[in-house]
Every structure is written in structure tokens, then in C-alpha cells.
Amino acid sequence: MIDANTEPSLQIQALCCVRGDRVLFRDLSFAVQGGELLHLKGHNGSGKTTLLRALAGLLLPESGEVRWAGQNIRSLREEYSRHLLYLGHLNGIKGDLTAVENLRISSVLDGLQLSEKRAWEVLGEIGLKGHEDLPSKHLSQGQKRRVALARLLVNRARVWILDEPFTALDVDAVQLLQEVIRQHVANGGVAIITTHQEVAMIGEHTRTISLGRADV
Amino acid sequence: MIDANTEPSLQIQALCCVRGDRVLFRDLSFAVQGGELLHLKGHNGSGKTTLLRALAGLLLPESGEVRWAGQNIRSLREEYSRHLLYLGHLNGIKGDLTAVENLRISSVLDGLQLSEKRAWEVLGEIGLKGHEDLPSKHLSQGQKRRVALARLLVNRARVWILDEPFTALDVDAVQLLQEVIRQHVANGGVAIITTHQEVAMIGEHTRTISLGRADV
Amino acid sequence: MFEPLYWIIRRDLTIAMRRRSDIFTTLIFFVIVVSLFPLGIGPEPDTLRLIAPGIVWVGALLASMLALELIFSADHRDGTLEQMLLTPQPVSLLVAGKVIAHWLVSGIPLVLMSPLLGVQYDLSWEALGTLVVSLLLGTPALSLIGAIGAALTLGLRSGGVLLALLVLPLYIPVLIFGAGAVEATVSGLGGQSHLSMLAAILVASLVLAPLATAAALRVAED
Amino acid sequence: MFEPLYWIIRRDLTIAMRRRSDIFTTLIFFVIVVSLFPLGIGPEPDTLRLIAPGIVWVGALLASMLALELIFSADHRDGTLEQMLLTPQPVSLLVAGKVIAHWLVSGIPLVLMSPLLGVQYDLSWEALGTLVVSLLLGTPALSLIGAIGAALTLGLRSGGVLLALLVLPLYIPVLIFGAGAVEATVSGLGGQSHLSMLAAILVASLVLAPLATAAALRVAED
Amino acid sequence: MTSRLINWFKFSSPASFYPLARKISLVSTVIAVVLIAVGLYMSFFVAPTDYKQGEGYRIIFVHVPASWMSMFIYVVMAGWAALGLVFNTRLSAMMAQALAPTGAMFAFLSLWTGSFWGKPMWGTWWVWDARITSELILLFLYLGYMALRAAIDDPRRGDRASAILLLVGVVNVPIIYYSVKWWNTLHQGSTIRMNQESTMEETMLLTMLIMTLGFWAYSIAVAMARVRTVILERERSTTWVRELGGGEI
Amino acid sequence: MAEFFHMGGYGLYVWGSFGVTALFMIAEPLLLRSRGRKIRKRIAHIARIEREVNP
């Protein structure tokens, strides 16, 4: 059992990930503390997504381990999930449900209760006013992404792992999202993101890690 | 029958597209000539993808028509396809085939013959060296996009319709793609693209059209 | 603990209701398959009565198996499954919820429809009763066992057929006891013992299948 | 004109060869379904011989239908289908190529395996011969007709089941003449006339089905 | 204690098991050849003609060992699968993978030789008898396992998914067996039962035993050889395989 | 000798069983060996190229 008040910290130790017969990275070690933003860089195919999935516990690394507050996330399982929010290349929303329903379901599963009213408000904030009640398969690419991102506004997870959150978003949405991430970090959360866009990720607490060699 | 030497031109007349009970745009008229780059702008959900699919003939507009060299594309069908290259949000590549196979197949279907050697060269140019022979489902998000974009390097279509071609690409790839588009336009082709990224689309021949109202 | 279970079931039922055709299609598949046999075999009532329990049960089994394909695949494709694995809820609980919803949507209609098909094959009232009870006990077991196969084949291109290959051999005991119960009733032996075997299988799969399925889902998302 | 046809077939065969298991799974599904019936019906050889033609044919029909689900769905999902519609080639030609490849991969193995299953049901040599010929004529027709259904249900969530619903009624004539041919041989009447009907159906669907499928694909991508 | 543990884990790594597998394979090949040769000699020249079935009964000397092996191998595979899931060792999954084709082959041979026995004895190639049917289902279970393995390209995912399938299957095998038995005996019909002479002659029993042991050795030999191939295929880019470099392998 | 192969009228069945069993049990190791050869050759090939590239 992890005390919710301990300083959140993610330690990566000697991580090695292999895909097919290609070693994407080996002996990767670093740590991220609360209040830090980690920006993962690297060219296409350098292994950013792979690393993020390993950090989220979705992918079993070849060797090495990921620790949350000192314990291996493999042994923590659901305990770790409680503190985590992962958003991958896929949006993770159901096309047949409306934006409101999608948001409420994912909140319940995250262990939060979200009233219908609050869900509407949040969706309004993220710029989906007028589209809250439409089956989300009818939404445009960027609107779908916004539905997925709306979770950031209600979630209380300490660690955010965001894989290219800015894709498909228009300029306003990108700005909004940046602000949200900055807030989260300022409140002592951890954020690990990748992006190819030149986004000004603000603050002194931004760290950058680059994956991949210069060749390829 | 259209003469391949006529000046390519795409005329859009009083186009109106409706999705569900929402009118995305109405009475949209414009024309694009060879040597022009059209940059379609608009916030998320303003109807850019819808418009591009209508221009490609994949979607039947509510009213109005799209003309290629003076004839409605509905009546031209395959004749129009010969001059068109459309790249949507989906990459249109088969995960079970390698990059080389994907590229060769799409070329044959486009009516071109592409030798295996040339395919390898082209894929090298677009930065997939060392990944040509891997089933493309194993590629990363950005690498898949590159396989799809490799078609731009071999295709001789006059009209390119590209829906957010820059997503998932890293900085080098974005630069390369910009260059390729500029070349195409300089050679008298038409390019219609959308993108939310601040990309310097070079040249005097860039036109911008904005969709969508300010509200929403 | 039951909050998320309730929400998962509610979610899947909502989606099913949005696409009501899903419910009917499983059902109609069942009806069509069962009705195909007289066309292939010929119309003699005596033969038909003889083979009726087997045919109806095989039809129910195939229909339920086909419907299973949908249970996780959509969630996998749009990324909601990966999100489910990352919630603080035990995965086997979520799996149980999904299977229950699936059975409510695809199993119950089969059970309700079966007497009608039995009548087509000239079964007695008593046999019809046993048919309904056997399906009521058997189809949830089919859904539970099938979910394991569905999770294992998730995201594989040959999904549907491979699922069938993995799952059909495991379905055989259910089929034997299910059809056996009806046959025993028809021949006047009473289907009691078959039905209690079915119940035992149901209980066992209720306990074990969600665990195996949850493990398989974790593997599939790796 | 035949260049793109050749390439489409080659492409689909390459993909099938990459996943050789696809071929076997359709086949094994066929074997399993056919083997399920004795388990539901009981092991008396006399009953089984009586219903064998119907069972084998229904099994082939279901296997071929299940395999059909794969024919366009993957292409639709990854966007290659939308690209195919945008090529300067006639779409019905591409469709024909895909169906041919599909039949080579999923139909032929069924035909080759059927005699073995017939033996399990104790059919005579002559009946086995008719069974093979009837499947050789019937399965391509099934693939062609099924392709229409597959195109119509493209991208719908309940694809598999809905496809079954649309396609099975269209399959019925094929089933009747196919199983009829075998039964006629068993009862000594000779299956000639049934087989010529099958051939006629095949020719008709060869002409019409690609056009209908092409039209359905355009609608699906709208 | 600790040293023994370390030893155990040492051999659970493919690199150190690779040479060991070769030795085991060689030794069991020799044993298999000798036992099967002796067994064949006894089957044809020592065992007497059966008074009821004539020479036809000699099929028993391949039929029964093949049947036993097919069942035994499945259980062994499930054991490896469980080990692999618990300890997360790659080698266990490879062992299961290496055994599967041999098990499926024996299941097929059991059916084949049984059919060739059934034709002269019962007058039909096939009967829906309980034992025969459950052997057929076992063959399907093998094929399902192999199809699943083949359908997953990522070897690690394949390992774990197929291990789950094996465990689910092995729980089901007894259930399947008894349900099929019950199904068959409850509505007797015209099925002819296999004649169960428990008073089998001593020499026949001995011959069968020798053949069974021979098949056993054969399975070990083949499985070890196959596991070596599997190891090479899957570990071809690791340094230890590269250092072998095609030379001493 | 002919009598031996005749097997008291059961020749087809006895040899059909033993023959197919023998066939399978001989073919399996042979197939396996060719599969092993293929992978070994490939590894040797790659090793050679690697030595050439960075000796």
C-alpha cells in the first residue's frame, strides 16, 4: 500500500526494450519527481511509444524495471493504475457513446464520480460545446482527441503519460492543453509527454530525454 | 476523355455539405489552378476532412458540384482518379505487407510500374532505410505515415489532396515533405492540404481558405 | 466493488441499444442456421425429430460463438480496452461485467426463441421445457468460455475463424450435456442429471473463466 | 486490364501466405463444425449417413461465410480500400481479383478436405465424388455472393452476424442444389441435374456479383 | 541449497540449455532407435497371432503407444506452460512449442491407425465412439494451440497467450473425456465396442511397453532437436548466437 | 516372405498403419533438420556480413 501523500516518484532502472530483433534502447535509467515535466524526444521509430507503454505497465520490458515510490509496478498492478493516466495514439473513446457518456464512464472506472452536469461543464471547457450529445464517431479527428483529453481536466492521477497529445488539435486546443499540463506540474504532478510539434513547454522544471541514435 | 495536357483545374461550385443535422458549409465556390497550393484552414470540426473527401469524390455532397477540367467528377469516375492522389487520416497501407510491397502495389493500381529497386530507393529517400523489409504493422506511427507518403515521390497525379499529412512526422520528415509539396506545385501541380501545425508553406502561390464560424 | 461492474454492464447495454440490430442479428442467425438443415437434409418429420435437439443446440452454440467476436474487438481497436486495463479496478471484474452484458444481449434472446424452433421440429412440450432450461444454463457457460478465446485472438487478423477453432473443442461438454438433456427427455429418461452437469459446468466457468480472460487481455495489449 | 487483376490476386495471396494459419483455420473450422453434429445428435451410423450431405454442405457454407468476413474488413480499416476506390482501375475488376484470391485460399481447402469428412459419415465412393464436384462448383458461388454481403456490412460493428443474416438467404439455392446432388447420388438417382443448376448459379454470380459488390463498396466508403 | 537453485536457473536460460539439448537429443535418439527396432522385431516375429483377430491385431503395437503419447505430451506441454507463466522463463514456452507438432502427429497417427484397424474389425473406417471422439478433440486442441502460436507474430506475446490456452485446455481435457464417454454410453446405438481383453498376453504387453518407451525416447529426441531450432530462430540476434556465428552449431 | 506381407489378409491395414507411422516418424526429423539448416545458414550468413562490415 502506498500512502497517497508520499512524494510521487517514478524510477526507471536499466530498462531495455526489444521489438522484433531490434533493440530500441538498453540500460535506460532515470527518475522523475513530482513537479517535473519530462519531454521525451526522438525521431520516428526511436521507441518513444514503446517506452511510454512500458512506463504505463502495458508492455513487459525485456529487462529492467519501473518503480513507483520504490516498488516495482508489476507487483503494484491496480495500485499503480490508481495514480496513473495514460493516453496513447488511440483515443480510447467509444464511437457509439456520446462525449458525456464517454467521459463519465472513464471517470467511474478511474474511481471518481462525475455528475452529468460537471461532465457537460468540462466538455464545454475543452471546446466541445454543442457536441456533447453526439455519438462520438461522428466527431472530427480533433474533436475526438478533445474528448479523450477531457479526462485530464477531471482526473486526479499524479502521473500523466501522454503520447503525442497535440496531434489533430487546432491552435486553440493546443494552447489550452499546454496550460492544463503546466497546471498539473505546478501542483506537484508528474507529466511525461512526447511530441514532434514545436510546443513551448513552459517552466524551469522541464527535462528532456532523447531516444535513438543519430543514424537511421 | 480529358487531354493529359490541358491545364489542370478544379472548380468547386456552390458546394454544400451536411453531416447529421449540421450544415458544415454551404455555397462554397472556388477554383484551383495548376501551380497553386491551397491551404485549408479551420478549427477542429469545421469540415475540412468532409470537404476534402467531397473533392476526392469519396463523399457525395448535399448539393453543388466539383468539376475537373470542366466536367463533373461524378461522371468522370475512374478518369478523374487517374489525376488524383488522396491521402486521408488513414494511411492506406497493409500491415502484413512490407513497405516495399505496399509502395509497389499502390503504384501498380495507380497505373505505374515501379521496379523493386526504385521502390527501395524511394523508401530510403523518405527516411525508412533499414525498415523497407519489415511488415509495416511493426513500424511506428510516424514510420507508417512515411510509407503512405512515399507514394508522393513516385506518383504523377496532378492533384494532391492531403489531409493533415504532417501528423506523427518528426521534424526532418516535415521538412522533407514540405520540400516535396513545393516541388509538385512548382511543376504545375495542384496541392490541397490541411494542417494545424505552423508549417511554412512556401511560395507566392499559396492560397488559404478558412472554414467554420468563429463561435463553436 | 459493484459500482464499476454496474457501470460496465450499463455501458455495454447502452451501446447494444444504440445498435439494436446486433441483438436481432445473433438471433436471426440462430433461426436461419437451424432452419437451413431441413433444406439440406430433406423434410421427413421422423428424421427431423430425431436430430432436433442436436441441431438447435449446435445452432445456439454457433450463434453465441459468432457474437463473441464482438465482445472485445471494438474496445481493443478504439483503445478503450487498454484504458480499462489501466483503471484501478480488478480486470477480471470488468471482464465479468462485459460477459454478463454480452450474455444479456446475445444469450437471452436465443433462449427465448428456442421453443419456437423446437416446435418447428415437432418437439413435445416437455422437451421444449428442457430445451429452454438447458439453454438457460448452457449459454452463459458458452459466453464465459468463449470470452477466453475472444481475448486470446484479439487483434489477430484471422480472429473469427481462429476463435472458432480455439473455442469449439472447449464447448463440446456443454453441447453434449445440453443436447443430451433434451434427448433424454424426448426418450423419456428425464434430463435431470444432464442439467445438473450443465449447472456444474456453469459454476466452474463462472469462477475460472474471468481470471483466464483477464490474463489473456493483458497479454493481448502487450 | 489483367495487370491489376494479377496484382490484386498476388497481393492477397501474399498476405494470406504471411499468415498461413488463416488457411488452416477455415479448414479446421469446417472439420470441427461437421464433427460437432454427431456430438449433438448421437453416434448411430444410420442416422448420420442420412444427414451427412446436409451437414457437410452446411458446414462448408458456414466456413465459407465466416472466412468472408475478412475479405474487405481489414482493407477498410486501414484505408487501403478507400485508396482502391480512387485508383483508375474499374472497381469490379479489383473486386473480382479479391474474390478469386479469397476462394483460392479458403474455398479450395474445403473442397479437398470434404471426402475425409464424408468418410467419417460413412458415405459411398460415388457419393464422395459428387460431394467434391458439388463443392467445387458451389464454393466459388458462395464466395461471390458472400462478397456482396461483406461489402454491404463493411464497417458496421456487428459485421459478422449481420453478414450472416444478409448472405444466408442468398446461399439457400446453392445449399439445396449442392446437398441435393449428393443425396440424389446416395439414393441412386444421379446428381447430374442438380450439378448443372449449380453451374448455372456459378456463372450468373460470376457476372453479376462483382458489379453489385463494387457498388456496395462505394456506398460503404461514403 | 542456493547453489542448486542457481544451477537450475542456469539451465533455464536458452544459451546454456542449447548445448545440453544436443546431448539429450543424441542420447535419446540412440535409445529410440534401439527400442523401436526391438519393438518392431517383437511385434512381427515374437508376438503370436491373435486367435480372434488374426494378424490384424498387430496394429495395436503402434496404435496404443501413439495414443498414449498424444495424451501424455499434451499434459507435459501444459506443465511447461504453467512454469513459463509463473517464472517468466522463455525456455519453458519454447519447450511447449517444440513438443506441439510431435503431439499432434501422434494424435493423428492414433486416429489413422485406429481407422485402419476399425475397417477390418468393424467394417467401417470411422465410428463415433467415445474414445475415438475424444482423441479427435485432442487433435483439435493441438491444432488450436499451433494455430494460435502461428497467428501471433510477437514471440513473447505468443508464448504467454498460448500458455493460457494450454492451461485452459488441460483443465478441460478430463471434462471433455468424461462428457464424451457419457454421451456415448447413454444412447448405446449400434456402436461396436473396442474389445477390452484385460487378459492380454504377456508378450503382447511387453512388446507394447517397449514400443511405448521407444516412442517416448523418440519424442524427447525430436523435441530437443526442435527446441534447439526454435532457440536459434528466436535468439538469432542475441550476442551468444552471434558468437556461435554459424560455426560451431 | 509374401506370406509375411500378406498378414493373413490384413496386409493393407497392418502395413497401412505401420507404414504411415514409419513415414511420419522418419519425415518429422528430416523436416526438422532442414528447418534447422535454414536458420543456421542464415545466422552464419549474417555473421559473415557483420565480420566484413566491422572486422
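So that you can tell them apart, the chains are marked A, B, C, D, E and F in the order they are listed, and the count of residues begins at 1 in each.
Throughout what follows, contacts are C-beta pairs under 8 Å (C-beta built on N, C-alpha and C of every residue); 3 or more make two chains touch, one makes a residue touch a chain.
Predicted, not measured: the structure shown is a model, and the values here were computed from it.
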Partner chains that chain E and chain F have in common: none
From chain A, the most remote chain by mean C-alpha position: F
Cα superposition angle of chain C on its copy chain D, in degrees to the nearest 5: 180
Same-site or different-site touching of chain A by its copy chain B, using the half cut: same
Where chain B and chain D are represented by their mean Cα positions, the distance between them in whole Å: 37
Interchain centroid distance [CA atoms averaged], chain A/chain B, Å: 31
Between chain F and chain C, distance of the C-alpha-averaged centres to the nearest whole Å: 43
Set of chain B residues in contact with two or more other chains: 96, 135, 138
For chain C, residues that touch 2 or more chains besides their own: 19, 74, 77, 157-158, 162, 165, 168-169, 172, 176, 183, 222
Chain E residues touching chain C - in the complex, by the definition given at the top: 137, 140-141, 143-144, 147-148, 151-152, 154, 156-157, 160-161, 164-165, 167-169, 171-172, 175-176, 179-180, 182-183, 186-187
Residues of chain C that touch chain E when the two form their complex: 148, 152-153, 156-158, 162, 165-166, 168-170, 172-173, 176-177, 180, 183-184, 187, 197, 201, 208, 212, 215-216, 219-220, 222
Residue ranges of chain D touching chain E (in the complex, touch as defined): 19-22, 24-25, 28, 31-32, 35, 38-39, 42-46, 48, 119-122
Chain B to chain D touching residues, read off their complex: 56-60, 78-79, 81-82, 84-86, 88, 90-97, 101, 105-106, 108-111, 135
In the complex, chain C residues that touch chain D: 19, 21-22, 25-26, 28-29, 32-33, 36-37, 39-42, 47, 50-51, 53-55, 57-58, 61-63, 66-67, 69-70, 74, 77, 157-158, 160-162, 164-165, 168-169, 172, 175-176, 179, 183
